[in-house]
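Across the two complexes that follow, chain A remains constant while its partner is chain B and subsequently chain C.
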Partner chain A sequence: MAAYKRQFYPGTTTPAKNRRRYMDPKVKLKKLRDVAMDDVVRIMGHRNPGEDYKSIHPPIEEGKEPDCPIRKLVTPIEGAKHGDRIRYIQFTDSVYFAPISPYQRAWMYLSRYRGIDTGTLSGRQIIEVRERDLEVLAKEYIDNETFDPALTGIRGATVHGHACRLDEHGLMFDAWQRYVWDDEKKEVVYVKDQVAIPLDRRISVGKPAAMSDLKKRTTIFRADGVDMRDDKEVTMYGLRIHKLRTLGGYQPWKVKGE
Partner chain B sequence: MIITNRLLSADTTEKVLNALESVPNIRQINLTGESIPKTINSGPGKGLPNNHSEHKVIRVKGKDIELRYLVGGFLVELEVDDEESLDARVEEIKAVCNATIEHGYSLQVGRYSKYKPTLHDYRSE
Partner chain C sequence: MAGKEKLFMEACKKKFKEEPTDVSTKYYCFGGWKQSKSKVEFQKTADEIAKKRGIPMLNEDIGVPLGQRSWMPYQLSHTDIYAEADDLHCVNNCAIQQAWDDIRRTILVGLDSPHQTIERRLGKEVTPETINNYLETVNHTVPGGAVVQEHMAEINPALAWDSYVKVYSGDDELIDEIDPRFVIDINKLFPAEQAEQLKKAIGKTLMQAVRVPTIVGRLMDGATVSRHAAMQISMAFISSYKLAAGEAAIADFAYSAKHQSLGMGTMMPARRARGPNEPGGIPFGYLADMAQSDRVYPDDPGRASLEAVALGAIIYDQIYLGGYMSGGVGFTQYATAAYTDNILEDYVYYAIDQIKSRYGGFCKLDPANTDEVMKLGDDINAYALEMYERYPAVMETHFGGSQRATVSAAATGIAGAMATGVADVGLNCWYLSMLQHKERTGRLGFYGFDLQDQCGSANSFAYRSDEGLPMEVRGPNYPNYAMNVGHMSGYTGIPKAAHVARGDAFTANPFVRVAFADPSLVFDFANVTKEIGRGALREFQPAGERSAVIKG
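Let's turn to the complex of A and B:
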């Protein structure tokens, strides 16, 4: 029997292809900007840059762990080794062709990382990781192609806005205005951290992408972009799951040959 | 009913409202949009001032009005007696919107408020 080759997502349209790309851990995502690590730490607001990591248990190397076969089997991630706290970053993705949407974020994170916990909501996606690993991950996802300054927000609370109309500068609505439009530089600038505590300096996250570019990068199927029904394979995949779930729930004896 | 394609800044809202002043037969204008709180209402920063640049006082018809929304819709109520004057007013409103709303809007004409008694009114008499 041939070795199983991992598959990610069906379909031939651009959003389907993008979904596959983001999920495939072998694909290195394009880096579009470089926000300094200290600034990422400031935006998240869990600790001050340069401050020591707080810990919730002694380092694993001290050997105070109970005797457990699973603990022996799993290599701990860096933060776990040091006993870091678990902290979070939460992204909000606009429905107006944001590069990625929350559900695919979950698929992507789980496909690419170990030692994370992620939660999906309609407009936002939280990742919880040990603090020092989180910082590396957060920087990666602010810098790379899954982030757009105008259509992706870093919001810990009051995330409302993903399904609202954009404002006059094309930014996603934010009741707490954590980021503002810099009209001189034509860039988006963070002035508050993810829970809206004012930052002591303005942090630029760069220029938003053009709508034409975003339509090529997005994973979102939309009637005014690529309609999901135009992708036969994706539609059939959805229908198949729907059919199997329904039959599985009510008439499981009818599920044959699947 | 004017629904804008983008949420309008306070300055644009002020412009639209002041421009609508030139249209006769307007009884009242209601605004809708996304609420902007005055203070941070949850999380560790609860109680801090929000300092949202669009939550501010605008001047309409010589009066100061505190704008609490990022406005995305205007419900303009007209007091007209016939179709002819209705059409004339709608055309004037369109001209105002074209001049002030940069990213476009959709305009619908209809009866959005109650104009005859309903069952509730008979009951509560």
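Let's turn to the complex of A and C:
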């Protein structure tokens, strides 16, 4: 019997291909910017740059772990080894061709990382993980192609705006205005952290991408972009799941042959 | 999608300066919360209260700065009324409260069993004359009058003007003999075809619609309604039939009033900690029967479904889930999406056009034709989602994904129900919508409801009570629906859609249906959105006020 080859997502269109790329851990995502790690730490607001990590338990190697076969099987992630707190970063993704959307974030994170917990809502996606691992992950996802300065927001609270129209600079609405448009540099600059506490320095996250570029990067099907119904395989896959679930709960004998 | 003018256009143009198709706008320049007339009024009032009581109160400058976007009014669907969101909060809207008060204070008590007791056990004759005498008496006792003991305290009639008892039956000959002041006249209130169906279903039973005073329901709870009715009905029997107050047979009246009566909501499990006649126990089919649009507008099944949706939104989503189960102020924004700005209207009437052109009318699609049902569901859902994408003003109006998920699924579910005449097919289409919505946009609602919506296809046809039930008798307390914020509106509209499409006079219960046709109710259940709008405009006159016993 041939070894199982992992599959990620059906479809032939650009959003479907992007979904596959983002989920596949073998694909190295493109780095588009380099926000300094200290600035990532500032935007998240969980600790000051240079400050020690707070811990919630002693380092695992110092503690007395119970004799547990699961613990023997699972190698702890770095933050767990050190007893770090679990902290979060939360991204909001605009409906207007943001590079990625909440469910794809969840699938991508869960496909690529261990030791994480994600929560998915309509506009935002939170990822929680031990603090030092979080910082590495956060920097990666602010720097890479899944982030756009105008259409992706870093927001701990008051997250709505994903479905609002864009402002005159093409930025997604943020009631706290955590980020603003720098008209001289034509860049987006963070002036407040995730929970809207003013930062003591302005942090640039770079220039927004052109809409033509975003439409090539996005995972979102839209009528004014790629309509999901134009991707026959994705449409068929959705309908098939629904049909099989329906029959499975009602007339399971009819599933045979479907 | 070219074609007819979209029904949401007028609201979109009123809400935003830009064209509904514009993606760009301006923010952060509108003067914050001071754009809102109600916020300005609230702040002024709160300042006066804080000064008087010496404790701070509402301060619009605390928390996130409100009004960073242009402040948008909401059009009550299929009316010309515009309101601010604040005025649609159930605590601020006395029409919404009265809709619930009128449901909670209603108990339906049959007269057949007490009449048998009077005739067979007590040996007294029951005639139309004695029934009229009893009805005059019970209309004295139920609002709070005393009949048996001298020197009794009574309820001030000015507090209980909304309380009364009326009867109805499928027996036209009997009804002709009853004083019309006490009758809910099926023949006059319903179109002829509906009246015939209802009378056939009700038969010769003589049913009382007992309306306990609103203030009683408010002071106690829904569970007290049957008790108040039972006590005062028993007293009326004793007085009108000259019975002995201590005789054992009298207990039969109280027993039948308490236990052979029809409450509007069933009792819920102890973990919900609510008695009967509370909103979590109302089956969707009952609420669909309370919504009366199809009685007054029998040729507009779309309106009938949408009015049921609106009633579901205020009773289940705003009051029950938003208040009883959650508390706080967040649910108004969420639930009002289903009955404002004619967005769901547009989707539902689009669906009706599609059904008529594809199948030649309602109920002509074979419910067992799964592939065609899915095709219809796929098309209606795609239309709804496309409207959000083509019209950014609509997208921003429903700026929460949960709003869009509910409204798209409601349109798809109503379509499936109308095309086949089967509510469960509509429900199955609801879940198709949810799965496709998530797949298309990469987002849906929030943690709490996404789970139920993603597993629902499998239980949409289950009839075993721990897994499903027919949609007509499911309710907010069905396990998977206990957290489905904002969904209850659509869940109410789906069974309604199936039965209006079939030309049925009722969805689940003919007695409930007739009881809410009563023109003496304070809330007009044939014009739900209009009544909510009158509440928002502060034109609605509710019952249950205490001003009659407050000096000044």
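Heads up, the rule we're going with is that the second predicted complex is superposed on the first by the 255 of 258 C-alpha atoms of A that agree within 3 Å, B and C clash if a C-alpha of one lies under 4 Å from a C-alpha of the other, contacts with A are read in each partner's own complex, and residues count from 1 in each chain.
The definition used in the following text is that contacts are C-beta pairs under 8 Å (C-beta built on N, C-alpha and C of every residue); 3 or more make two chains touch, one makes a residue touch a chain.
Please read these numbers as outputs of a predicted model, since none were measured by experiment.
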{"item": "More chain A residues in contact [chain B versus chain C]", "value": "C"}
{"item": "Which of chain B and chain C A:Glu168 touches, first, second, both or neither", "value": "both"}
{"item": "Partner chain(s) touched by A:Met37 [first = chain B, second = chain C, both, neither]", "value": "neither"}
{"item": "Contacts of A:Ile197 with chain B and chain C, given as first, second, both or neither", "value": "first"}
{"item": "Chain B versus chain C as contact partner of A:Trp176, first or second or both or neither", "value": "both"}
{"item": "Contacts of A:Thr158 with chain B and chain C, given as first, second, both or neither", "value": "both"}
{"item": "Partner chain in contact with A:Val27 - chain B first, chain C second, else both or neither", "value": "neither"}
{"item": "Chain A residues contacted in one complex by chain B, in the other by chain C", "value": "158, 160-161, 164-168, 170, 173, 175-177, 196"}
{"item": "Chain B contact footprint on chain A (complex, rising order)", "value": "156-158, 160-161, 164-168, 170, 173, 175-177, 180, 195-198"}
{"item": "Residues of chain B defined as touching chain A within the complex", "value": "4-9, 12, 34-37, 40-45, 48, 50-54, 70, 72, 102-103"}
{"item": "Residues of chain A that touch chain C when the two form their complex", "value": "93, 95-96, 100-104, 119-123, 158, 160-168, 170, 173, 175-177, 196, 219-224, 227-229, 234-235, 237-239, 241-243, 245-250"}
{"item": "Contacting residues of chain C [partner chain A, same complex]", "value": "18, 22-28, 64-65, 68-69, 370, 374, 378, 382, 385-386, 388-390, 392-393, 395-396, 398-402, 404-405, 428, 431-432, 435-436, 438-447, 450, 455, 457-462, 467"}
